[in-house]
Amino acid sequence: MGVGGASNLTEQVAAIIDRYPGGVKMVDSIEFLVAWARANSMWPLIYGTACCAMEMMAAGSSRHDWARFGVEVARATPRQADLIVLAGTIVEKMGKNLITLYEQMPAPKYVIAMGSCAISGGPFYYDAYSVIKGGDRLIPVDVYVPGCPPRPEALLYGIMELQEKIKKEGRRNPWKIGDILTTPFIDTHTKAKKDWVILEQKKDQEQQAARKQFKLDNPDFKPAKAVRLKKEKFEAIKPETREPQGISNLVLLQKIQLQFPKISVSPQEDILDLTVPRNNYTDLIQFLKQNDELGLDLLLQLSAIDWKDHFDILVHLLSTRDGHKLFLRCRVDKEDPEIDTISNIFRGAEWHEREVYDLFGIRFRNHPDMRRIFLNKDFPGHPLRKDFEDPERVIKRPY
Amino acid sequence: MNLEPVNNFNPDEGGIPEGFSRTSSATKSSEEYFLNMGPQHPSTHGVLRLVLRLDGESVLGVVPHLGYVHRGLEKVAENQTYLQNIHLTDRLDYLSSHINNLGYCMAMEQALDIGIPERGEYIRVMICELQRIQSHLLWWGVSGMDLGAITTFLYGFKERELITDIFEELCGARLTMNFFRPGGSFADVTDGFIPRIKQVIEIMHKALDEYNTLLTGNIIFQERTKNIGILSKETALSYGCSGAVLRASGVSYDVRKNDPYSIYDRFEFDVPIGSIGDCFDRYCLKIEEMAQSVRILEQAVQTFPEGPYRSQQKAVYKLPKGSYYSQVETARGLLGTYIVAEGGPKPYRVKFRSPSFSNLNILNELAVGHKLADIVTILATLDFVVPDLDR
Amino acid sequence: MKKQACCAYLSKVVMGFISLLRGMGVTIGYFFSPKKIVTQQYPENRESLQMMARFRGHVSMPHNEKGEHFCTACGICEKTCPNGTISVLATKDLSGRKVLGKYIYRFSQCTLCNLCIESCPFGAIVMGKDFEFAVYDREELIFTLNQTQENANG
Amino acid sequence: MTENNMNPLSTEMLYPVQNGIGNMVRTLFPESAFIINSLISICSLFLLVSLLPVFLIWLERKVAARFQARLGPMRVGYHGLLQSSADGLKLIFKEILKPEGADTFVFFLAPILPASATFLVMAILPFDHHLQVADPAGGVIYVIGISGLSILGILLAGWASNNKYSLLGAMRSGAQMISFEISLTLVMLLIVMLTGTASLREIVLSQQGTVADWWIFKLPGLGLIAFLMYMVSSTAELNRAPFDISEAESELTGGFATEYSGISFAMFFFAEFVNMFVSAGIAATFFLGGFLAPQIGVAFIDPLFAVIPGFVWFFLKTFFVIFLYMWFRWTFPRLRVDQLMYLEWKMLLPANLLLLMSGGFFMAMGGIL
């Protein structure tokens, strides 16, 4: 039965028994019994990364109830689980852990790739730098359940397919660790187009004569007009204007320009958008936080934009008391992207700054814990920059 | 693509895993050790890795490690057209996918000055409130299961399936809807929509009482959640929390009330505020939010107007040059969508201000001093979704 | 003060015990009412299981009885698809007019976002209703939606 | 039983309970009767211990499904009857893994202890008037002594598997079981004090008469309180329901059994269910009148109940108590470790001592009401 170390012993015993009359039938019945037991009691590992995990939980809930198939006891440790349902996107950083999980599971173990992300990368097929395009590039997959996310019934159908596959196991085709997909990762969309163009040229030469002949015997041939769907017409509606919340932008601007005259306003209708020079970036934010007349007490977010020749640090503040918002921009040039941290003013900015460092490469002076937050330490380059190139991980979108 | 294991720390030579301060807050006691609540763990709601510094069973420090489902969604959004990005916002916080779509579509409508007819506004409010109830039901079930009451998970999902049916009948998908478009939605409401909502309303009244007797009133649950993970007002604001986490600490900020979008100002509903800011307050707040959403649905069902459900839609949207920002109240907090447009069919930069990112930031503040089991309670009541966190 | 503390303690114990009983009351209510069971037995109810009208199972190309489809190989659905799922491969028929040669639909990448069907000007593609597509090999998920003579048998 | 010096163990010391089969074997093969009798009882108990978990696992999954408004195992045999046998068979044929750095001998010894501990206690459970393997005079002390053995198994498992989660789970369960054994012992002590004997059979016989003579209904309310306290402490002893902190699914992934796979995990899994049957059996023996038929006093029902054999009543009462355990498990959230210790040391222990005193007071008053 090819199970762990005991496989050669079971094969020898089966070979001996086969010789006796009716021995083959006995070994087959034992194999059938064991395969039936394995098929009807699959304990899934509690593993789910993204949206498909919700549909897997729905399959486990009262309405679809996969306990009917004997799949009830979802085990938390890989030691007691014999089925991994790859529910959700597999990311490079999670790849290591997924392989360790798979290796920790005892021998007859099965994998269901659920949803487009686990089959082929799905919505993150193009331009995603950290998504592994398909679970079978890491661990051998037995059943693919397509959909995004697939219905719980589709997952149950996948489990039934897996049960059929297990029931066929025996000494003739024992369970063994399958092989993973090693073909290099190319864009099937453009490949299909290229192959088709070659086919087309061949077809054109062959049909050269037939087409000329067709044009001769019915010169005035009018191709039938395809009928277009009649799309409903709706009239365009003007949105009703809504007066902005809290302190109006003008009052805000005057208050700030009292303290910091060198602030320029970028053209933005409803939300005040200030461009802040680099030297008084932190003490402007310090002033905004301290000044309780303005009441800007919540840091919405701190992020950056790569304008190809320079970076822009964005700081969005919100007042929970009155509801008005204030956006700040601070220009950082590309050569040495370095700016002071504001995590001592707004504690929440610590993670936002780590994200900006991780994805843009802008360092923050005296930041308590300047580490990458999302990607591995050795990820080449900073992905959200416009000039980020990594042909090994990323396929550019062809259209 | 390297797949060797990360070089983990070596405790014998006094190594400290990354992110921890060298000296531990407690006295250098011998029992101090590091426990890895790994990316695959039943109570981390997906793939979030926590490294805990423990002394026996009480927690000295927590360092969350993110990025285990970081899919680079913002880079993908930069290379897709505006319409194609709508279905990406479903996968941000997939438990409130309608509300994410709404946030993104509102930013586009703000840029292109598109208005929505009366019926379209009503559809939006009703669907977003249904989505909020559906997300809270799943949260309630999973937090009950994290604390050991497995039956609450099944009860929560029982009611949730009713709302999933409404969405399936409406737009054909159960979880990732892609239903809203700038100017309304891509199709009108089916005739089974209103009767099903009425059925959900009356079932939710019974269900909420049942949940309160089963879990909220339970003495064991109250012992496990009262005075655990107390979040002060200043810390919440300083970390930028939003949603039930912020309101439980006493700050009354709900985007639907303080910065009303769509037609939320026509419905009267109140925003519950917590007092202490512990786990029990956050829990009761969410149950109360469900009741308020049901209240909004009741009002909306009575005055559901006829007429066109959307304004004119284009095939390709080209937003004029500039930056546009819109914020909505998802089930987890304030989701801000910031689009920088260059005039072409594809956005130049899309930034999602995710509520779970800031809500989880406070874990270290809340967890220090509590037991290992309280970490699970705090994680359950913080109610974050990891793909919304990692984007 | 001692008396209040002690009777507060006792009342807390008693109230706590009653809350446990009420919780148990809820679960026993479910135990003794089989009407509340909501399970739909999927494989057994396959005939009666009816998908909703707008259910997005998979992209399919309806053919009328003469085996013709409405697709004119304009390629709009290919451009609107965010994940490169659809490949519209056009060919020229005898009269030199552009006609659909092969319509490749990779279900392994499709995210069922319905953008292609909304954008199709001729209503040639529709969302199919069945969901039983679990396969053992990833390549089987790449379908050719238009049945013409050569790729029907090819 | 012929008195011959060749057989040093005389009848009284062997404590056999006279029953039909035993006597028939003694008449046929007087010399080797003792060996044959013990073989028969060992085989019957082994059969019971192997069949019980298969049935109890199926029952637990169906009862849990019914509590949660769903159907539970359906497709494996009629209404999933073969489900737990499929689970058992699958677990047997799984690959046996030993984590690197684990102490091999202790790692594989640990699962055997809990299973054997429950097997030993089975020997003295009074299934019927004459259906009891042995009835030692100190039956209660025997039960308390043996139940300490299963704690050892869990501690060894946690320590040997070289995994922080299992160490945490084992230490938690060690503290929990030792502390809850005190309240378990005190409740049993109360019943022993009231009945005056420590042999299980006498305790059951002391509850003869109508239903009102069962210990649960005796002593104006104390019997019921004693029963509740027994239920609370025996649930904690079993690591079940609101006290399953040692195998806490959502905190410690697998608890003490994190590193166990295949047959060794199956031993823990089955021992837990047999243990549940045993402690429910003891609850039935102590409080619900073991194998005595419930005489309600209504003229035409009593003889009807009396006809039904004793062991049927014993199994019915035991399964009622098992249903209570399952009811606790599928309703309550889990307590924290320190709250658990607070519950035992600060609430159950004083309550038990108070109970003992009031029991003594009632005995001093002479009339056990």
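So that you can tell them apart, the chains are marked A, B, C and D in the order they are listed, and the count of residues begins at 1 in each.
Here is the rule we go by: a contact is a pair of C-beta atoms (placed from the backbone, for glycine too) under 8 Å apart; a residue touches a chain by one contact, two chains touch by 3 or more.
Everything quoted here is computed from the prediction, not taken from an experiment.
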Margin query: From the C-alpha centres, identify the chain that is farthest from subunit B.
Written below: D
Check: For the chain pairs A-D and A-C, which is connected through the larger number of C-beta pairs in contact?
Finding: A-C
Notebook entry, point to check: Just how far, in Å, is the C-alpha centre of subunit C from the one of subunit A?
Noted result: 19
Next item on the list: Averaging only over C-alpha atoms, locate the centres of subunit A and subunit D and give their separation in whole Å.
Entry: 50
Note to self: Averaging over Cα atoms per chain, report the distance between subunit B and subunit C in Å.
What the structure shows: 23
Next item on the list: Calculate how many whole Å lie between the centre of subunit A and the centre of subunit B, each centre taken as the average of the chain's C-alpha atoms.
Entry: 18
Note to self: At least two partner chains per residue is the criterion; list those residues in subunit A.
What the structure shows: 61-63, 65, 68, 76, 123, 126, 148, 151, 397
Next item on the list: For subunit B, jot down the residues that touch at least 2 other chains.
Entry: 41-42, 80, 87-88, 151, 154, 158, 161, 176, 214-215, 218, 220
Note to self: Can you list every residue of subunit D that touches 2 or more other chains, as numbers and ranges?
What the structure shows: 67-71, 74-75, 249-250, 253, 330-332
Notebook entry, point to check: In graph terms, nodes being chains and edges touches, is this line, ring, star, complete or other?
Noted result: complete
Check: Which residues, counting only subunit D, touch subunit C once they are in their complex?
Finding: 63, 66-71, 74-75, 327-328, 330-332, 347
Margin query: List the residues on subunit C that touch subunit A in their complex, please.
Written below: 37-43, 49, 58, 70, 72, 78-79, 82-84, 87, 89, 91-92, 94-97, 101-102, 104, 106-112, 120-123, 131-138, 141-142
Check: Which of the residues in subunit C come into contact with subunit B in the complex?
Finding: 15-17, 19-20, 22-23, 25-27, 38, 52-56, 80, 82, 111-115, 118-119, 127
Notebook entry, point to check: Can you list the residues on subunit B that touch subunit D in the complex?
Noted result: 33, 35, 41-43, 57, 144-151, 154-155, 158, 214-215, 218, 220-221, 223-224, 371-376
Check: Inside the complex, what are the residues of subunit C that reach subunit D?
Finding: 13, 20, 23-24, 26-28, 30-31, 34, 36-39, 41, 43
